[in-house]
């Protein structure tokens, strides 16, 4: 077995607010191998971005990692001093954001923003850095990179800007690339371009990737394995084929059914998950999904299910329905959390 | 249209079953917007402090005749006397009880500050909203008028208006009110321009609402924040402005006291260095009321910010 | 860009025209008249009549306005009613000191306001924030004359650091250092007054920017927080801050009256007050005209600065 | 198309069968680009450049296409939020541009619009009850009491409860807000509703709820929809016919099944192929990925506007703009039958 | 050290502090006291009055008359213009003619109104350019004749001490109508006084330089600066040593609230002097018709309190236009002491309507006067009279005063030491805002003006003062003293109410410490 690149263990992240704190990510655990792509899906507000920002340690002044650890090649990022962490950001771990329109600083040129990072981490001279930036732009398929490098972001279309973001993210050869909804803001045809580019890049650089999306299509297209999140928790983890073929968690099942497939018959009703996602300050007791779950048991309303593998496979699920197929090898840990 | 009782199988069911718990919670806290604002506001510690202080000042102004220990005009034997038992804050340069004057002055200064700002905020808001909403020629004309007003010989206009109308508290308020609107108009225009593009305004038009209804009921309530900020600053400037008007004999007329003219009267090195009781109290009052208004404004703005309510 | 400027200038013409008409009538409507202010107690009726005639005050007001306008077009502001100097010279000799004072005051204001604004924005709702807010209100709550006298008392009288007023040491060596020592106190007084207001602007515009996505990008690159705030955020926050230069410059022209007086600084503010109190119409008109031009051009300049600070804005 | 609207024709016997509810003729909307000293108009963004289509009572016409191709502009022109530059919109045969302000205001009760963003389409400072009752009161269709009663009923209809009436928009989730937006559009009992991407901003699980709701309401109230979207999945589910737009023009219009089964225009093919299918087994499938961005609508390419990105473009495409042709299934392409790989 | 940082002038430079900025240096057309004050450093008057009616020669070696009608002025034979040309009688005659020329804008025209051959306004008839009664006897001798015999003191004070002559050889080419605007008056470069003009920086300072060829001897000071500053700064600059003294005389007054502070400074000494200036309250006699009411209102005023408290004792209460400096003050007048009870009684007796509100109109610009208005209105209120105070700037006040748009009006005056005061009390007087008209007074005023014998004049003015007390059209509130501070560095020289410029050549300062 290869060395694990990233290991996130029982991550819990919270934000301070006037009422005390709000736990945005309750329990996230996963591992990522070099070159592997993990997809995270889930509804808006379920904590996908917070998870990725926790890895980057970019939670802002009010957010903090409450529990758990994040090990990058064995180094725990959760407790790393800020100055060390800065050396990792943009260098070992890079990130692409959802909104290419607003993720670039409008008052600096593309080159300026790229060079800043290259100079910082690769210790090149400005001139070399610029050359390098141009070559990176070329790699992500930007036409006329020599000219574009001196342009301001507003001159570029959304797709182009996302390419710039990718070029920027890759410029320091990161070990891990985090892409938080990289195509949500883009059109279908442009989305296809970007996804294609990301695949190509991944093959070329063998970068481990964390791709976050609520579009199951994108996940199906890109991920090797998938985390399904609901209300701050990972509710299911499986490799991509297993997940799409045999979803276990009622939420995942509901999700799968409610997507209007192209091959879907027009005259049958769409299935949908009733109700809405509970808000952070009104989390139901027990299983967080129980209020919307068609299969909810009595136990679901009071006891919180653990995330456990089914039949010792790599397929993990957090649901009492599968209690008998799971055995709890992590009982100790669960106690702590409860 | 006969509204039939449509059965929304999936959803209706869900709301009975799934959302039941949500519903109860939510119905329990069915609150009016005002209450929500009030609650938010009361959480803002400084805002509450501001409210308390400002209310005290208002009370002081309203009940001045009952609170003031002496008449604010009667002249004692000691001029510019330091604080003593007889005169808690001392006497001014004409031998009047400073504490009493300070208390009475709050009536004048607050009326000037609040009155003038109220007037120009209304004017500026209406003009700015009209310019922003209707655009084109209306915008062009209003903005040019704003330019003209902004490049006006301020002092001269005040001089003329006041001398035509006579320098009285009311007229000062009116004049300051008539001249202060251009910045507000610009701010409101800017906000309206951006809010006008929002979908809920378009929805209003699509629903066939008339222009005044859209402007006053839908657009303006949503650009309160910048107006509020400007107004709190405006109150301070109006209070100070009144004082500087007395330089030209156009301020509040003697022997009436305002915080501004109490400060102006103390314009002397001797007073500054050795008679601090003449200037610290009015200065403090201005600062205190302006600060309390500002903190209240901050609190109110935060409380009314829909984002903060989410 | 050039076209844009030309267009703006063309739009400014009717505005200027409006301002001159309004101010001419306002000035003439002001009670009192210039002739009386120029005669001493023993003046005879003939002297008064002659003066009135000489000043053209017997003509109908619109005739006077047209005459004024004609002269203006020829670049002539006329003669001061009180000193009999050409108004152009009268204003000219005060323009430099005014600009000097204004410029320094603005500079000081920015030097004070920007760092304080940054601190209070990045530490929003902390005690530092509340403290700076209170100080900024102190800045606008203290009348300038008071701040001025206080500054004189402390810096000139107690510590003898600077002279109490004037623009140069009389009979002294002159030169930059000398002028600077006279300039610093009034500029400081004026500057802190403006800074009070400005801190709030800097704070709020920075707060607005601090929530933007691109700052997260900058942090994700591994940049230091200092650079994130002072390079990436501040540069964007500058744009709204520029607006207030446009608001402040006109205020400074008129608003420096008191400061100029207390520090005997020979600026336009003093001239304004004097002209008002002697009803010196030509000088007042010229001052109004210049004020209007300043307002309009500072608006234009801020708009141009906008496009310099923000590459997204391009004027055509 | 008649299979679908049969039911409606029976219900609305007073209406001529097959006469369109909305007829759009040569609709053009140009936004001026201003320049120069006196802001002379030096050019136009041809946001919508000559659309012709009809929507029949009770049917749903979907409008799909990339961002900026003019979908919203078309929608807003139809409800006259932003009147067209040229051409006409006929509502039940009445030319809307010929109406006076007050006539138009009355006409607005007949057609409504639902916006994409549930967060910006509700006034944050108005209670839900007021939001819903206001239109009735403004049009004097009901007195206050009745209006609020109707608002309550409407809330129930869209699957909320009347107890929500005194709450504010911020207290609702996106899906709930979209329901409120739908309720607001419905309360005036309109015949036509323009849905401008009503589900794009919603979560997957909520999307389905809203789509189902829209469909149910259509059945119940014989509504006619113009459904704007860029997600093909939702469109497939809700629409009877689909119009595919590219750069301000309709490039293909046909019944939904036809579009999906037998797309003619290469752009439609590209769209279908680019749509990410939530099935990992289909990962390796052949996909057409066109290069480049949508051209600037201020300066659209000559000839066929898609030729710059079209994988099968020929010389003729660069010179001659194809016209929309075909019976029932219309496409604007010189080579509608060429396969693409 | 004190002063070391403040001025760079060394021991031959003096700094005077003044509040009112001079307007211009047009000797025949300057409207204000500050301008005249500066002009007199550069231009000599014929005479200098160094005490009440005590005249000493200056530019004139002698200023004589035998019949009180024909006056002969002999100019100092050594007197020279600063360009070396001698000062001649031609220069004087030229100046007389110019002032009398109806085309010349002037503010000193009234000084000539008594000259024979001129109209009542002191102007030449149309077409004339020379005053027939003014004769150039020889290079240094000028003779003129008045319409009738007059008190020579009056002529000496007006023409002698206030009338400054111009260099004919410099200005003769200037057309009369352009004279006022001539740049000579902005930068007078040919002068005849002890100091010459260097520079006037507006609102900052006037710089003067010793005239080495001055006929009265070269001044000991080399440079003289008159600095202009707001009154509160006088004390500060005296303290820092940036000033050697304030100029006093109404244009450089230290604010009374600073008196104590200044007295305590150890680098200056102080002095005070009575003046002829006085502050008044005018009654609009058309609105307050009853003289008894006006008297009653005066009884209600606690003027002594104003002097004691506001002026810190540096002032006096007088009842008429003549202060204790004036030889014409009738010391036997019984005066009006503060008596609120009496005031009330008198008002009642006069049938005063106690519901009526009097408009007290106050010009701004004089802090003490504004403060005194507060005391006055309190005093009147105590007597049961309702008062509403309104303040205006000066031009507005002039308009309101002229239009009679007031009930009570505060105003200050400084006339001449000569008792002639028609402009205030005569029914046609320019400052008779009271609309006071008493034929007896008009007659007596005329008589007083044309009576050459000082003793007889005194009788006339005593009678007038009695009538005025009876009629009470205007009451003098107080006359404030000149309170001056002089740096201890000054070896010779101090501000003076009379004859400020008299021995200016001898003024000197010790070097900086």
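Labels for the chains are A, B, C, D and E, by order of writing; each one numbers its residues from 1.
We take it that contacts are C-beta pairs under 8 Å (C-beta built on N, C-alpha and C of every residue); 3 or more make two chains touch, one makes a residue touch a chain.
A quick map from chain label to UniProt name: A = Peptide/nickel transport system ATP-binding protein; B, C = Peptide/nickel transport system permease protein.
None of these values were measured; they are calculated from a predicted model.
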Hopping along touching chains only, can you work out the least number of steps from chain B to chain C?
1
Tell me, which chains sit next to both chain B and chain E?
C
Take the average of all CA coordinates in chain A, do the same for chain C, and state the distance between these two points in whole angstrom.
54
Where the CA atoms of chain D average out and where those of chain E average out, how many Å apart are those spots?
88
Between chain C and chain E, centroid-to-centroid distance (C-alpha), Å
37
For chain E, jot down the residues that touch at least 2 other chains.
232-233, 236, 392-393, 396
Residues in chain A with touches to at least two other chains are numbered 269, 272, 274, 276
Two or more other chains touching the same residue: where does that happen in chain C?
30-31, 149, 152-153, 157, 276
Which residues of chain C touch chain E in the complex?
30-34, 36-47, 50-51, 54, 79, 82-85, 90, 93-94, 149, 152-153, 156-157, 160, 163-167, 169-173, 261-262, 264, 266, 270-271, 274, 276-279
For chain B, which residues are in contact with chain E within the complex?
73-75, 79-80, 93-96, 159, 163, 166-167, 246-251, 253-255, 267-271, 273-274
Give the list of chain C residues in touch with chain B in this complex.
11-12, 14-16, 18-19, 22-23, 26-27, 29-31, 130, 133-134, 137-138, 140-143, 145-146, 149-150, 152-153, 157, 197, 200, 204, 247, 250, 254, 258, 272-273, 276, 284, 287-288, 291-296, 299
Provide the residue numbers of chain D that touch chain A in the complex, in ascending order.
66-67, 173-176, 203-209, 211-212, 215, 230-234, 236-237, 256-257, 260, 270-283, 287, 289-291, 293-294
Per the contact definition, I'd like the list of chain D residues that touch chain B in the complex.
76, 79, 81, 104-106, 108-109, 112-113, 115-117, 120-127, 134-135, 138-139, 150, 153-154, 157-161, 163-164, 166-171, 181, 184, 188-189, 209, 212-213, 216-217, 220-221
